[in-house]
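Pasting the structures here.
Look for chain A in each of the two complexes below; its partner is chain B in the first and chain C in the second.
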Partner chain A sequence: MSDDLITLTIDGVPVSVAKGTLVIEAAKQAGVLVPHYCYHPGLPVAGVCRMCLVEIEKQPKLAVACATQAAEGMVVNTQSAAAKSARTSVLEFLLINHPLDCPICDQAGECELQDFTFQEGRAATRYSPEYPKRFNPVEDFGPDVLYVPNRCILCTRCVRFMEDVAQEPVLNVSERGDRAYIGVHPETRLDHPWAGNVVDLCPVGSLLSKDFLHKARAWELDKSASVCTGCSQGCNVTLDTRENVVVRVRPRPNLEVNRYFICDHGRMNYRWMNRGDRIEAPLVQRGGELHATDWQDAFERVTTVLRGAGGRVVTLVSPRASTEALFFARELFRGGALDWTGAFQVVMGEEAPLAGVPDLALRAERAPNGRGAELLGYGREYAAALAAAESAAVVLVLDEPDIPVRTAGTLIYVGTVLPERARDAHVVLPIANVAEEEGSFVNRDGRVQRYAQAKTAPGMARPAWWVFSELGAALGQGEPVGSAAEAFERVAQAIEPLRGLSYEQLGFGGRPAAVPAAV
Partner chain B sequence: MTVGVKVMKRPGAKVSYLRATLKGMALTFSHLFRPKVTMQYPEEKSSQDWTLSPRWRGTHRMLTDEQGRAKCVACGLCPQICPANCIKLVPGEDEHGNRYPLIYEIDEFRCVFCGYCQEVCPEEAIHVGVHYENSEFSRDRFVYDLERLCAQTHPVSTLWDPSDPKGE
Partner chain C sequence: MGYPHKPHPKETVLLSRYFGEADARTYKGWVKRGGYAALEQARAMEPARVIDIVKESGLRGRGGAGFPTGLKWSFMPKEKKKPHYLCVNADESEPGTFKDREIMRWTPHALLEGTAIAAHAIQADVAYIYIRGEFTEPLAIMEKALTDARSAGVFGDLKIHLHRGAGAYICGEETALMNSIEGKRGNPRIKPPFPAAAGVFGMPTTINNVETLAAVPPILTKGAAWYKSLSLSSPKSTGTKLFSVCGHVQQPGNYEVTLGFPLKDLVYELCGGMRPGRTLKACIPGGSSVPILDRAETESCLLDYEGVVERGSMLGSGGVIVFDDSADMVYQIMRLARFYAHESCAQCTQCREGTAWTTKILERILAGQGKPADLDLLLDLAENMTGKTICVLSDSCAAPVVSGIKKFRSEFEEYIAGRRQPVLVA
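Moving on, here comes the complex of A and B:
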C-alpha cells in the first residue's frame, strides 16, 4: 500500500497522496485551495486558464497545479511572491474584458472570479475607463441555457463537459485571441438532457439558467442536502430555498452515484414542492362532506376503522414516499388475520444516459423509492391491487395524485394535496412532501440515502412516518417515533437488507444496503 | 392652641418686587436689539444662519436616468444590508432583457434612516433625502412604491466621507 503513496510538502504541510494525484488535489488535502477556473474534478484537465500557477522548488518556472502530478519529495509553495503575482496578473488579464455588472449578474455571490479577485486580485484596474471592453450580444443556447459572452473567461469547462462527459460535442471555442467566444454548432441547440450542468460548471455568470434567471440572489438562498425525486437513480442534490420556496435544484457531488452532475429532468423537477393547494389540516367525513379537525380526532377515527377491520386490506402507496413512511404504513396492518396487499405504481419515461459517466442516467422509472417499496413488501401488481381494493374492507392510499380506486370499504387518504376522488375518503390526513421532511430513499442500486428538510410544511401537515407511527401507537403497536433518525432505526431493525445501518452512518452520502441491484 | 410664628422684619428694598420686575423688563427690552433667530416656519424653511445639513438622512428618493426610468437594477443589496428590513424588492426583466425592479417598496415607518441603502447601492439609484416633512392622512401612505420614490424632488443626502470627515 505504502508503495502507492507519495509524500510531498505543500505550504509547509506534509501530505501523503496516491501516485498520480494532481498537485491541485493534493493541495486540497493539505487544506489549501489553489485558485482555478478551467480545472474541475469531473472533467478532463485542460490547463488553459493559467490561474493555478504555483511555485515548485527546483523547477525554474511556475507550474500549473492542475496539470502537474505530485511527485515524491516535491515542495510546493502556493503563496510565494512569484506565484501570487503571476495569479494577480492572470486575474488582471481576465478582467480586461469582463464587465463589472455583478449587480445584475445571477452568479454574483457564488462567482469564482469575484471570490479570487477579492482574494488576490488587484484593487483597481490599470486600464483607462475609456478603454472599450469586448462586446457580444447574449445568445440563446438551448431550452434552459443562456450564454452571456461578455462575462466569459474561456475556461472551456462547458466545452469539455459536452465533448467528454455528455459526448455530444456541440460547443467549441470559436475565433481566436481576445475575440474568442463559446460557439454552438449552427445546426443544433444545446438540448442534451444533461446540458443544464454547464450552468453549474461555469465559474462565472456566463452560462445562465433561464429558469433561475433573476429569481434570487445567491446570498439569499438556504441550501439543504436532498435526494432528487426525478427517477430511480437517486442523484444527490441541494435544494436552494428562498423564503420557504424552492427556487433551484443543484447537483451535490457524490462520487458513488451522480459524481458532479444531475440531468435537466431532475433540475426542473421542483415546482410541485411549492404547490399552494395543499391539505393543511386533517379532514373527516361528516354528513357527506369533509370537515377540518385536529390530529387527535382524526387518529381516533382511523383507529376505530382499523380495529374493526377484518378480511382484505389494500395499501396503495406512492414510490415517492420515504422508506420510513412505507415501513410504518405496512406495520399498521401487521399481524391479526388481515389479508394485506401493498402495491405501488411507477410512472415510466424515457431513459437518458450520461455517456461519459458509467452507470449514470435519467432512468425510465420515474420513482425515487421504488426499490425501497419493494424491500418493504410492496408489489408492482398495481392493477391487481386495484381490483382487490374494490372488495377490500379498508383501502389506505398514500399520496397518489389521482386515486383510481373504487371501493366498497373505507377509504383512508394520506397525502399532500386533495385529489377529486379523495373527497369520498373517510379520513384525509395531511402529510409533508419530500422538501418538508427528513427521510431516506433506496435507489435502484440499493443505496440508502438520506434527505434533509428544506422548507416548512404548510399548516398541520406532518411527515408521513410521524402520522403512521402515531397511528400504530394508537393501535397499541408500541411507542411512536419522534424523529426521522428514530424512524430509520426501527426500519433498520425490522428489514433484513438494512440491518446494521444507522442514520448517522448514512451521513449525506448514503450507504449501500445488502441487496442485489435492480436489472 | 395657637402656634407661635416668628415674623421676620426685612428692609423695604429687599421685599419690594419692583426692582426685580424692572430688571426683568430691562432684559426683555434689550433683546429687541439683538439679532433675530426665530424663523417663520413653514413660510420660511431655512435662513442665512441655519439650514438643514446636507448629511441629513430623511425619506428616500430614487434617482432616474435620462429616459425617466429608475436607475435601480434590482441587485438586491439594499434589502440585504437594511437593518430594519424595510425594503421589499422583486426583480424582473424588461423587454430588452435588462434587470429592473418589478416591485420596489420602502416602508418609511420601519426605516431607521441609517443610509446604508444609499451607501451600498452600486448604481447610485436609491438615496436618503434631505427632507423631513412627511405627514399623511393614512398609515399605508408611508409605504413608498417605486413610482413615488422616483417622483420625489428633494435633494439627496451626502454621506459622510471618511477621507473628508468635516465635509469640506
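Moving on, here comes the complex of A and C:
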C-alpha cells in the first residue's frame, strides 16, 4: 500500500483513502452518506450546518465529518446514539422557522431537508405552534433566481459559490441570530453568467429558478445524461423531461470538464429541443412540391442521385451533429471518384469564464462538436464551401439552415426542421435532435463524451447516424449499424485519434481522444 | 484597588495600583512609575527566554479560558518564515465584565508595554489592539498613549494598530475577532487551523486578553518566582486578578485579589455585602457565560481556575454578578438567553435557532403561559446546544439555563403553575 494512503473504519467498513481526505468523503467511499447541508465538494468547507456530526472513537466531542480529516486507524461511527440524536436535533432546529410548505415548493421531492427529515428527523416538532416563525418576503435576486427566505437554512452554499467560485461576491449573510437571511448587494443583481448554479446548490427550496418555477414536481421528471450543446466546453448535463418535453437542464458532475457547474447560457439552451415545427416524414420533390413518403422510397431517390453523380460534391454540416452522424455522412463519399468538400460554421459569442475553476468557461465557439467535425475532415471555410455549392453536382446538408439560395446540382437536405431555402430540395430526410438520440461529441479539449436519449423523436425522424449508415449500406458500402454503440465502434476503427476507445469505456464521463486540444 | 472605591486591605493591587491617578495615563507619568523598564529588559533577552519566564510565572489567560500564556506563546513558529501577528483582545463584551475597560482607562501604557513585550516574545511585526466599539473613552485614552509612546520611540520596529470594533459580542471570540480585523463578517472560524498556525491574514498569530498582557511587565521586573508566589490556593492559579463585581452588592466595582481568594470575602467584605435586609441568593462568578452558583456554592467558592470549577462553574473573565433574594431568576435567565439570541452570529444551526427558541420558551414561562414540559424541553435544547458548534456562544446560552433550572427549579414551576404573577416582557 502506498504511503499516501491511510486506512480508517467507518460504520465497521474499512476504507483506504488519500491523506488529507475529509471524513465525509471517506464515508462516501465506504458507502455511507453522512447527512449534510453546508458541505459541497465544489465549495470551500464552512462547517456551519452541524448536520454531519459523527462520533469518532477517542474524541471527547462529536465531530463534523465535513471539516475533519481522516486519520490512520480512525474509527468513525455515524450511527451511534449520540451522533443520531445530535443530527435529529439539528433537523428539529432547522424546521422551527421553516414554513413546511412542501406542497407548493418546487424543491419538494428533491429536497435534502425533506429527505433527511424522513430519514432521521423527529415525527413531530416540539416548537409550539403559538410561536411565530421568521418571515421575510420573497426577493427577486436576478434574471433567473428567486430567493424565498422563509425556507432558507442558511447553509451559505450560495454565498460561498458567488464569493469563491464565481468570485463576484454579491451575496452575503445579513443580520444575526435567527433574524439572519441571505442578502444581495444593494446596488447589484445576481446576474453573473454562472449565477444559476446557486439554484442547484441550494439544498432546499429557497433559491428557485424562475424558468423552472411551477413547471413540474420533481417526481414527474425523467432524467437523462446528456452533454450541453451551448458551446465547445462540453459540460456534462442532465436533461429533465416531463411527458416528452425537456423542462430543465442541470449540471451533471464531471471533475474533468465542468466540476459541478454549468453556465446560464447552457442552462437556458433547451427550448429548441421541444420545437413543434419539425419534419416528421421523409419528403420528396414531386411536381414542384415536397411530398411525404416512406424511408425506402426516399433512400432509393437519394442513392439514385449519388450513384449517378460525377464532379463536385459539397457537404454542409452543423457542428451540433453527433460525431457518428458526421462520420457516416463523410463515408458516403470516401474513396469515390468525386471531388468532395465538407464544411461547417460556428456561431460565435462572448466568452464567460468561471473564475474559480481552471479551464471552465462559456466558450466563444457556440457549438458542441466543432472539434469532432474537424477530426472527420470538415473544414471551417464555410463561405468558400457555400460558393462551391452553387455549382456542385450534389449538395448534401446536415441540419444547417444556412445553405445556398440556388444550386445547379441536387440538394439533399437532412434535418430537424425545414428552412425556406430547402423547399427546393430533391429529398428531405427527417432526423432526431440531440435530446432524441444517442451519440457523442468531441469537446474543444479533444474529450469524447456520450449523450443519452431523453425523449422520443417526432414521427418518422431517426438519428442522423442511422440515416447515413442506411444510405451507405444501400450504396454497397457494407452493413448498416443498428445502434449508437455500433456506430461509435465504426468511427473508432476508422479515425486514428479515436482508435482504441470503446463506447462502454466512454461511459457517461467521457475519455480524451489522442488529439491536441484546440487553441 | 476597588476603583472607584478606596482599596480594601485585603486587595493585592498590582494592575489596579494606579487606577484613579490621571498622571499614570501620561507617558512621562508612566515612566516615572517605572514604566517601560520591563520592555527594555525583555528586549535585551532572546524571545525564547521571555516565553520561559512567563511560563514559569504560571500566568494564565484572563479573558476567560485560562490557557497558560507562556505555553500559548510557545506555539508560535520558532523559526520565523512568515510575518507574525499579535492580537490584543480588548473587545470586552461579556455581560458583567468591565476590568479591561479600567485597565485601558487608567493604565494604557501597562497594556502597550505588555503588548510590546509579547510581540517581542513571539517575534511579531504587527500588533492589533481590537477595542470594543462602545469603549469611546478608553479608545481616546489608548490613542493618546499610543501616540505618545510611539513618538518616544519605545516600540522600535513594532507597529501597533488600534482597531475599533462595531458592536458585536461575537467579535470577542478570537477567530471572529481576526475575521473582523480582516474586514470580514465577524464569524468564528473552524479550528484547526489554530491561530498560531494560521491566524489573522492567514499568518501565525497569538491573541491575548488585555489583563493578561498588562500583567506581563511586573512579571519581568519582579521575576517569575515572585509572581508564582502570589497564590492562595491552587498552585496552578498564580498572580492577581481583577474581579468586576456588579449586581446586588453595596459597592460594585473592580477588585483585585490574589487568585485563590474566597468569593465570600469578595462579596461580603470588599463589596460591602448585600443591601440592608437582603440575603445572597445566587452568583455568576465568571461573566454571564458560566453556570450560576447558589448561595452555599458561592459562600464556599475559592476564586481561582480550579476552585470555581470545583463548585461547578468557571472563573471565566472574572465578571461577578451577584443576585440577592429579590432577584427573579427566571427573568434573569431569560435576559441572558435573549442576549445570546441577539448576539448569535447565525452560522451554526444549534446556536442560531436554539438561542432564539430558548428565549421564546422563557418569555412564555414568564408571561404565565409556560407548560410543565417546557423545563425538560429547555434542558434537552441546552444539551443539544452544548459542545456541538464552532464556538461556545451556544454553550454559553445553555449554561445559565441548565444551572438555573437545576438550582432554582421551583421558581420556574411557580410561573408554570400560575402561582406567580406573570411578568410583562418587553
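One rule holds in what follows: the second predicted complex is superposed on the first by the 515 of 519 C-alpha atoms of A that agree within 3 Å, B and C clash if a C-alpha of one lies under 4 Å from a C-alpha of the other, contacts with A are read in each partner's own complex, and residues count from 1 in each chain.
Everything below uses one rule, namely that a contact is a pair of C-beta atoms (placed from the backbone, for glycine too) under 8 Å apart; a residue touches a chain by one contact, two chains touch by 3 or more.
Since this is a predicted model, take the numbers as computed values, not measurements.
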If you stack the two complexes on chain A, which partner ends up touching A:94: first (chain B), second (chain C), both, or neither?
-> second
Just chain B (first), just chain C (second), both, or neither: which does A:175 touch?
-> second
Return the chain, chain B or chain C, that is in touch with more residues of chain A.
-> C
Touch check for A:53: first (chain B), second (chain C), both, or neither?
-> second
Regarding the shared-chain residue A:103, is it in contact with chain B (first), chain C (second), both, or neither?
-> first
Check the residue A:138 against both partner chains and state whether it touches chain B (first), chain C (second), both, or neither.
-> first
Look at A:214 in the shared chain and tell me whether it touches chain B only, chain C only, both, or neither; answer first, second, both or neither.
-> first
Regarding the shared-chain residue A:86, is it in contact with chain B (first), chain C (second), both, or neither?
-> second
Doubly contacted chain A residues - partners chain C and chain B = none
Interfacial residue positions of chain B with respect to chain A in the complex | 73-77, 80, 91-93, 97-99, 122-123
What residues on chain A touch chain C, complex-wise?
-> 45-51, 53, 61-62, 64, 67, 85-86, 89-90, 93-94, 96-97, 126-128, 130-131, 153-154, 156, 172-173, 175-180
Given the complex with chain B, which residues does chain A contribute to the contact?
-> 102-104, 108, 138, 213-215, 217, 219-220
Residue ranges of chain C in contact with chain A within the complex = 168, 170, 185, 190, 341-350, 352-357, 360-361, 364, 369, 373, 377, 384, 387-390
